[in-house]
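These are the structures in question, set out in turn.
One chain, chain A, appears in both complexes that follow, with chain B as partner in the first and chain C in the second.
Our next item is the complex of A and B:
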């Protein structure tokens, strides 16, 4: 099965800086893919190129078998939900939702039917005649969704559509948005810098950095098997220990770190400088009991109570850090705590020679 | 508790000043309307009965109708031209990334701050130097300079608050760029267009100091024609004409209030 959306070798430069660097990406029909990255990583530029609001310097984009080429924005069947919604303030809710249909010259009766169908879908039917300025943030977000979906686009692009909402509402809207798009079988590209949002919503995540995709994988893989230190650092928290490989045999490594010896799975030469990382919830208090486990004795610096869990912070040399997640009722006493994790949970990355 | 005396005095003084200002601004208008309704052939407020005789004479004033038509034409042309040029210039100033944008914006609004006499004299010399001696094109060009600052000022303010993502949104919904501008930017900025256009139109309509340098015997704008009547035969017909202009202005302001709101018109 061919990809619904296919991006091949897309590049974009603004003056001296390369914003997109020979980027390729395929998205399947009905897939929800997130572009996750810090500001300036090129995710919004890619979105604007897909929408036809910006022309790439190189590369090609195909949607449902059609080469989008230089097709202008208004001839592409691509819906966009903008970051600040960009709702038309001079039109009512219904006027906004029906805008795309009117632009396409659809008959009035059909527009009315489609608008009420969509307002029903986003539960705004009673507000059809309201002015945009009379709506709350969450309602505006739903109008923006309905407006983009009204023309039944082949692809919907969402540019941080939830970032303007407060945390509680955002979580509700995430669930709603995901359910709506799944119900419609809509292919969606979701731009965000919020890793939790990306993990919660996506079928797959493309973590972007400096105009390239660092890793393209399912949320589970992105979190538990980050491909690069950038992904590791951008998505979730972790214990970080710099070290040197002192022993390497049959796919098992022993590293020398400031916190003590640590074992891992991987293939590195002896003497290689590496970065070892462990996700906080993989770590448990207690000494490493057998060969499947590895551990260190962690000098404790502080602890933070987060309601559903407790985070312990270790005191380590600059550049290293330790984070351990324990159940909230755990009583911690003393200055040091033996901790352990499975050898297979140690993530190991090469460290560039000159840092 | 007794309120301190000084703030009360201050408040009273402020109210007196306000009342005095309102009276000072309104009195000439009231006098003009009064004189126009007086039966007396000299400028005098009506004593007892009122008369429409001066209004009946308005229609018989020689050269009045051509002057009104010329002023309306010039003002309409200058406003239309300024709305197009001003919109384009304002977009460039607000959206552009070139150096000197602020300077250009200030320069385009600067005729508001220059004495009309200076502009009129400068225009006259400039047009002569270019070999332009026709009164009508000179007037039309000069009045674009009169109207443009009003349009620029309100549009730059309006565009600065305009979210250009709206145009992107309209494009992704199926409108080409020009149609998106027409269907989204124009209605959203309608208050700015109406405000700038109305004030500009009125400024052109009653301009004297610039027009005086550029008119000839065959092309007299209304203010110039009125002043000539005043010199030739000063009777209350002039007051009647002025009253009609006041009525027209009130009508325009009323329409503006309905469409935009007076506070918004005055605010920008």
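Our next item is the complex of A and C:
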């Protein structure tokens, strides 16, 4: 399948700092891809380059086979939903939604038809004549979506479009937004620093760090098979144990950690310093019974009740941490708890030698 | 603004009382007196003062000249001030503070001093003419002082800050992402200017136009110093009537006419602007 959007070797520098470093990425037709990363990782810069609001120093962007490099922003047919919506305060709801059509010189009757079609789609039809300032945050967000979609763009860019909403509304809007874009078969790039949002919405996630893509994969893979310690740390929580490989044979490792020996799958040399990680829900209370399991005895420090589950925190040396998820009704007594997980659930990363 | 705290005291309006009292005593009362004097003559109320003033062709010349001066001054200030306000809004930090200071500082100087300054600059062997000749643009000194061109140069220079500052205040508040949004929606630069920037800056334009128009329609010192006595506007007519002709009725009539004209233009332009904004 040919890529709908193809980004090749894009770089951008601001003065001394490299914001985007030779970044390449392909997005398929109708795909919903999230750019996930901390602030300053370059995700918003990449978005602005795609929209044509910023020129890259190097690299090529093609959309539906057309080189975007030659096209100014207003000829690109790329829709953008801005973080605080950037709605026109002097226009009504309908005036905002119809803005792009009017800019393209579409006939008045057609504009009216298309505007009501879109307002219907985002369930704002009764508010067409309202002023923007009379709308709630969620309604403004829907106007911003309708405005960007009205011109039927080849690509829609969403710059943290839900971050200004409170948690409950955000979750409702996530579902709504995803359903709307899927219904239209719209190719979307969604910029966010909220990992839960990215996991919930995306077909694929590109986790970005320091101007590069650390990992590009499905939400499931990003979560259960993070490619780097950065992705592991940025997406989800985990138990972290620093250790040294003391035994390596036939793809199986035994690590020596502060909490005791831990087994894992992987290829490392004996004596290598590694970081072992386990996702909290992979861990269960109880001793490792056979060769498929590994475990430690965890000195308990605290527990947090979260309604649907209970989190146990272990007391470990600085740099290590232990996080176990158990059902909420679990009774925990004593100050140490044997825990276990599957050997194949131990994630192992090399630890760079500290200079 | 939603969520803003409601003011607790219902009597908060009384705080405006001192200001209202001062305005009533020093502003409204003299205006009423002026109106009374304009309508008073031969021991009774009469419109004869108005008939006399408005019946003379010369008065209409003066009114026309006054309106033309205010119109051209406002137009030139708008043409120069509108882009200048955008440039000023684009600067940052110390540069912006410095430019604003440069704009405000001349306001602390009396209009008389500035007008005198322009007479020095514009005269035959003044700086302007010497620069023009040194640059080879002209061979002989141009006559600038006591010409309408010279007057417009001086008056626009003096009133320009009153155009730039209100527009600047509005431009600074416009979210720069609105321009980005308009561009990504397919709007070219001209379309976005007409559909987004212009309507959003209109309140600042109305404020600037109102200020400069009111100031220039009533300007007295500047035309007097840069044009001399032959050039009569409504304000110089008022002064002449009171000071030389000892004709308070004529002066009051001219005063009321001036007030009515500037009110009509100011209120009219604000109304037009509101209408332009209301049509999407």
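The definition used in the following text is that the second predicted complex is superposed on the first by the 353 of 355 C-alpha atoms of A that agree within 3 Å, B and C clash if a C-alpha of one lies under 4 Å from a C-alpha of the other, contacts with A are read in each partner's own complex, and residues count from 1 in each chain.
Everything that follows uses one rule, which is that contacts are C-beta pairs under 8 Å (C-beta built on N, C-alpha and C of every residue); 3 or more make two chains touch, one makes a residue touch a chain.
No experiment lies behind these values; they were computed from the predicted model shown.
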Original post:
Superposed on chain A, are chain B and chain C clashing or fitting side by side?
Top reply: clash
Original post:
First (chain B), second (chain C), both or neither: which does A:84 touch?
Top reply: both
**OP:** Look at A:95 in the shared chain and tell me whether it touches chain B only, chain C only, both, or neither; answer first, second, both or neither.
**Re:** second
Original post:
If you stack the two complexes on chain A, which partner ends up touching A:53: first (chain B), second (chain C), both, or neither?
Top reply: both
**OP:** Please work out whether A:73 is in contact with chain B alone, chain C alone, both, or neither, and reply first, second, both or neither.
**Re:** both
Subject >> Residues of chain A that lie at the interface with chain B and also at the interface with chain C >> reply: 51-53, 73-74, 76, 78-80, 82, 84, 86-90, 99-100, 103-104, 147-148, 151
Subject >> In the complex, chain A residues that touch chain C >> reply: 51-53, 73-80, 82, 84, 86-92, 94-95, 99-100, 102-104, 147-148, 151
**OP:** Spell out the residues on chain C that touch chain A in their complex, using ranges where they run on.
**Re:** 175, 177-178, 180-188, 191-192, 195-196, 199-200, 277, 280
Subject >> Residues on chain A engaged by chain B in the complex (per definition of touch) >> reply: 51-53, 72-74, 76, 78-80, 82-84, 86-90, 99-100, 103-104, 147-148, 151
Subject >> Residues of chain B touching chain A in the complex >> reply: 163, 165-166, 168-177, 179-180, 183-184, 187-188, 190
